[in-house]
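One structure follows; several queries about it will come next.
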Amino acid sequence: MNVYADNAATTRVSRTALRAMLPYFDEMYGNPSSLHSVGQRAAEALYEAREKIAACIGAEPREIYFTSGGTESDNQAIMSAVEAGRRKNKRHIISTAIEHHAVMNTLKKLERQGFEVTLLDVPENGIITPEAVAEAIRPDTALVTVMYANNEIGTIQPIAEIGAICRERGVIFHSDAVQAAGHIEINVVRDNVDMLSISSHKFHGPKGVGALYVRRSVPLTRLIEGGEQERNRRPGTENVPGIMGMAAALYEACENMNVVAPKIMAMRDRLIEGLSKIPHSILNGDAKRRLPGNVNFCFEGVEGESIVLLLDEYGIQASSGSACASGSLDPSHVLIAIGRPHEIAHGSLRLTLSEENTQEEVDYILEKVLQVVEHLRNMSPVWRDLVEGKREYVIQ
Amino acid sequence: MNVYADNAATTRVSRTALRAMLPYFDEMYGNPSSLHSVGQRAAEALYEAREKIAACIGAEPREIYFTSGGTESDNQAIMSAVEAGRRKNKRHIISTAIEHHAVMNTLKKLERQGFEVTLLDVPENGIITPEAVAEAIRPDTALVTVMYANNEIGTIQPIAEIGAICRERGVIFHSDAVQAAGHIEINVVRDNVDMLSISSHKFHGPKGVGALYVRRSVPLTRLIEGGEQERNRRPGTENVPGIMGMAAALYEACENMNVVAPKIMAMRDRLIEGLSKIPHSILNGDAKRRLPGNVNFCFEGVEGESIVLLLDEYGIQASSGSACASGSLDPSHVLIAIGRPHEIAHGSLRLTLSEENTQEEVDYILEKVLQVVEHLRNMSPVWRDLVEGKREYVIQ
Amino acid sequence: MLYSETVMDHFRHPRNVGVIEDADAVGEVGNAKCGDIMRMYLKINDGVITDVKFETFGCGSAIAASSMATEMIKGKPLIEALSLTNKAVVEALNGLPAHKIHCSVLAEEAIKKAIEDYYKRNGIEYDKRDFPDCDSCSYCQNE
Amino acid sequence: MLYSETVMDHFRHPRNVGVIEDADAVGEVGNAKCGDIMRMYLKINDGVITDVKFETFGCGSAIAASSMATEMIKGKPLIEALSLTNKAVVEALNGLPAHKIHCSVLAEEAIKKAIEDYYKRNGIEYDKRDFPDCDSCSYCQNE
C-alpha cells in the first residue's frame, strides 16, 4: 500500500488545477504585459485568477498580489510593514515562537538591523491568547505577525480576535496562512487581517507560486525591483499557468471544504485515538483547535528520522518535526516552544492527511507506526534505560 | 494567418519542456526537503535539472541556483555583489544605459542608498566597448553588470572581453543573459562571468522560474529569508516542475542551436532587408551582432502602439519599444540611449522570431507592416508635415 | 482586452480621418516627443460645425478618442462642442484604461484649440482661461 | 536518495543489534538532547573482540553507522578496533550526506569509549588523549 501522509509538506496537484494550467503553457502563452491579443488573453486570465482568489478569502481582486510562494509573501509582507513603521519611527514587532522560518528568519534579520522583536510564548496547547498580543503591543509596534495555523502541530490561532485588537490599536496585522488557506475558512474582513500569505502547493495547486493579500489602505513596498507588473509591486513576468492552477485549486478547496473537512477530521481523530494507545506517546498541539488533517505525536525513546524512514519502507510518507533533512541537528523550535524537552522533541512524527486518504489507509498507518515504534524502541538505549528504571519517563 | 513574432516577450512552452514538467505535478509531486522516497525523488530531479543547466553554460551543478525568474536573478546577483562590496567599502557600480528594468531599477534603488552608479553610454550600434568598461573601473568598483544581449534591439555585448577585464581587475562581473540563454552560445568560464541570470520562459520553458549562475568563489547573499533550500541561499519550496521544464527547454535549445539559429537568422535578415525598403525607416542596433531572431525598426511619423495593435488585427503579434502598456508615456530608454530622438523612438516595432516561424510568415509580416505603416502615416499629422516639407525628416 | 470593443472599432475604422483643405479652424495639441499629436479641422457655418476631420499620431486610444470626439461634435453648435468633456468621450468609448485617459483629454483639448483658432481668425473675444495651453499639461515632461 | 543503498540496508537490517548482558566493556556516546545515543557492548577474549552488540537512539545514518562499525570490529584485535576511523565507516557505508558525517564519528567514538571502559575495568594504562570526551564534541550545543 502507498499512503501519502505528508500533505503539510506539499500536495499532489489536483486534476482541476492541472486542467486550469495546461492551456497557458502552449496555447495562451502570451506575456500579460504584451499589448497584442495573445498577451491580453493572458492578462485576462490573470484577472480571473485574482477574482477567484479574492472571492475565496473575502478580499477584492485588486488586493491580491501574486508571488513565487509562501516564503516570498511572508518576506514582502513583513518588510512592507517594517518600511511603513520605519517612516513613523516604529521599530517593534510582535510575533510568536512557533512561526515558520520564512517569518522567523526575516524577523531575525530585522533584529540584526536594530528592530526589537517580541516573540510571544506559546502554551502547551500551541495556541496563543489574544490577551498576550494585546499586552505586548506598544506605541512603537510596527507589526503583529501571527500564523493562521501551524505547519508542524496544526494548531489554529485566534486570528479574528487578534485582528480585532490590532485594528483597534492601529497596528498592521499580518498572518501567514500558508497552512490554513484551502483547509479552514478564512475571511480577511471578518478576521481584520491587513496582510495574508498563501502558497499554492499546500492546497493541491502547483509549487512556486503564492499570493499576498494586502488590504487596500495598507502600503506595500517592493522586495525586488524591475518592471511594473502587479501594479508595480512585484516585478517579473507573471507565472500565468501557475497562477491559474493556484486559483483553480483554492477555489475548489474552498467550495468543497464543508464536505471534505469533516471527512478528513474524522480520519485525523481516528489516527489520534489510535496513536494515543502507544505507551508513552503524546499528541502535540490542541486536540480540537487544529487543522483538519494534522496529527503530530512524540514517542518517547525513539528518534523521528528513523520513524519516517522506516514508515517510508512500508510505503507511508510522513515527516518528523526535527529538521534533520536540512542539515540541522536542532529539534523543532515549535515542539521546544510548547515545552517538549529536547530528547522528546527529537522523537516526533507528523502525519498530514488530505481528502485523497482513506479510512483503510489510516488503519494501515496505525498498524505500521505501532510496529516501527516498537522496532526502534527495541534497539534504543534510551528506551532500555526507561524500562529498567534508570531514567524517568518524560511522557507518562 | 496567425504569426507570433513576440518571442522576446515570452515563448510558447515546447513539447519537450511540457513533457519534462508533467510528471512532477501529480506523480512525483514530493517536496525535495522531505526525507521520504517521494520527496527524495523530487530532490533527485532537482539535481538532474541543475546538472543539465550547468552543462548548457559550462558551469558546475553546484554553481546553479534556482529562482522565480530573470528579475529575481538580476536582483539577487546585484544585491550580493553590493553586499560583498559594502564589506570592503566599495560603493561604485558600472552598468550600461540599456539594461532591463530588473537591473536598472535595482541600480536606481542602490543610488538612493548612496551607491554611485556609472551607466556607460551606448553608441548608435547598441554595443559598448570593453575599453569603456576598463576606463570606468575604479578602486572602489564593487560590480560590473552588463547584459549579454539586449531585449529590445537584440545587440550582443562583448561579454568575454569585458569578463577578461573584470577578472584581471578583480571586479565582480554579472551579466543578465535572459535574452541570450538558449539563443546564442554562452560559456561562463570562457566569458569570465561571475554571475549570470537566465529566465526559463525566454527559451520555450515555463514562466515563473529562472536561474542564477554564481561562480564557486563568489559570495551569494539571500534576497529572501526562510528555509534552507538552495544551499541556504534561496528559501521556499522549489518549483520542481518548473525547474524540470526550464532544464529540458534550455538543454533542447542548446543542443539544436547550431541548426536552428542559422535558420532564424536567415528569416531575420530577410525581414530586415524588406523593412529597410520602407521609406524613412531605420534598423535599431547593429545589423549583424544581434540576436538571431531580433528585428527592431523605427518608422518616422507613426507611433508604435498603433502599429502593434493593427498588426494584431492581421494576426501578427509584435511589440513596440515604447512602454505604453505599462502606463508610462516615456519612450524606450534603449532607443533614447542609442540616440534616437523621442519622436522617432515612439515609432518603433520589435519583431522577434523563433524556430516556429516560417519563411511564409516572414513574407506575410512584410506585407502587413508595409500596409499598416502606410495606413497610419496617412492619418498622421506628423507625416503630413514631413511630406509637405514643414518638418524635417529625422530618418533619411 | 486592453481596450473596449468601441475603442477597437474606432481604432480600426476611424471616422472623419483626413484634412479639410479650406478649414475654417484648425487645432493641434500634443507633440511627437510625448508620443501623441492630434490635429482637428473644422468647417463652421452659422456657429454650427458642419464638417470635422482629424489627423492623429498616437496610440490606439488616441486615434479612437479623436474619432469618437469628431463624431460627437459633428453637426453641433460651437457652444455645445465647447462643453464636450473628456469624460464624455471616455464614456462614449465604453471606458479607457487609467493610463490612457490623457488621450481623451487631448481630444477635448484639440477641439477647444480649433474653436479658439476660429475665434481668433474671426476676431471673436473669448476668455483665454477656458482654453487649454500646453504648458499646463502634465502628461509629458517637456525637458 | 538521501542515503546510499548500503546505509539503507544496514538501517533496515541492522547487524548486531542488542545487548550483551555479561559484556566485558560498554561504551556510550551522544545524548538524547542532541538526538543521537550509541551504546556498544563488547565481549573480549585474549585482546580480541569476540562479540559486539549495539543499541542506538538516532537517525537512519546513526543506526547504519553503528551496525557497520560493529561488523568492522567483530573478531578483530582491540588494537585494530582502536584504529577504526569514522572515515573508514563512511567509506564502508558508501558515503553519508555531509551533515550526517557526525554519525560515523559517534560510531568511532562509541567503540573507543567501550575499549576505554575495558582498560579501566582491567587496570590497563592508556593515554586519555587517545579517547574521545563529550566536552570536545562540537555537534550538539549543550546548554
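Order of writing sets the labels: A, B, C and D. Residues in every chain begin at 1.
Quick note on the criterion: a residue touches a chain if its C-beta (ideal position, glycine included) is under 8 Å from a C-beta of that chain, and two chains touch if they have at least 3 such contacts.
Since this is a predicted model, take the numbers as computed values, not measurements.
Following the contact convention of this document, C, D is the list of chains adjacent to both subunit A and subunit B. Subunit D has its Cα centroid 56 Å from the Cα centroid of subunit B.
Subunit D has its Cα centroid 89 Å from the Cα centroid of subunit C. Here the CA centre of subunit A is 39 Å from the CA centre of subunit D. Residues of subunit D found to touch two or more other chains are 2. The residues of subunit B that reach two or more other chains are 35, 37, 305, 309, 324-328, listed in rising order.
Annotation, chain-chain contacts: A-B, A-C, A-D, B-C, B-D (touch as defined at the top). The residues of subunit A lying in touch with subunit B in their complex are 4, 6, 9-15, 18, 21, 25-26, 29-31, 33-39, 68-72, 74-75, 100-102, 105-106, 108-109, 199, 201, 206-209, 223-228, 235-242, 305, 308-309, 311-312, 317-320, 324-328.
Those residues of subunit B that touch subunit C in the complex are listed here as 301-306, 309-310, 313, 322, 324-329, 331, 341-343, 346, 378-384.
Listing the residues of subunit A that touch subunit C in their complex gives 35, 37, 40, 43-44.
Remark: subunit C residues 1-2 touch subunit A in the complex.
Interface residues of subunit C, counted against subunit B in their complex, comprise 2, 8, 11-12, 14, 17-19, 28, 31-39, 54-60, 62-63, 97-99, 102, 139-140.
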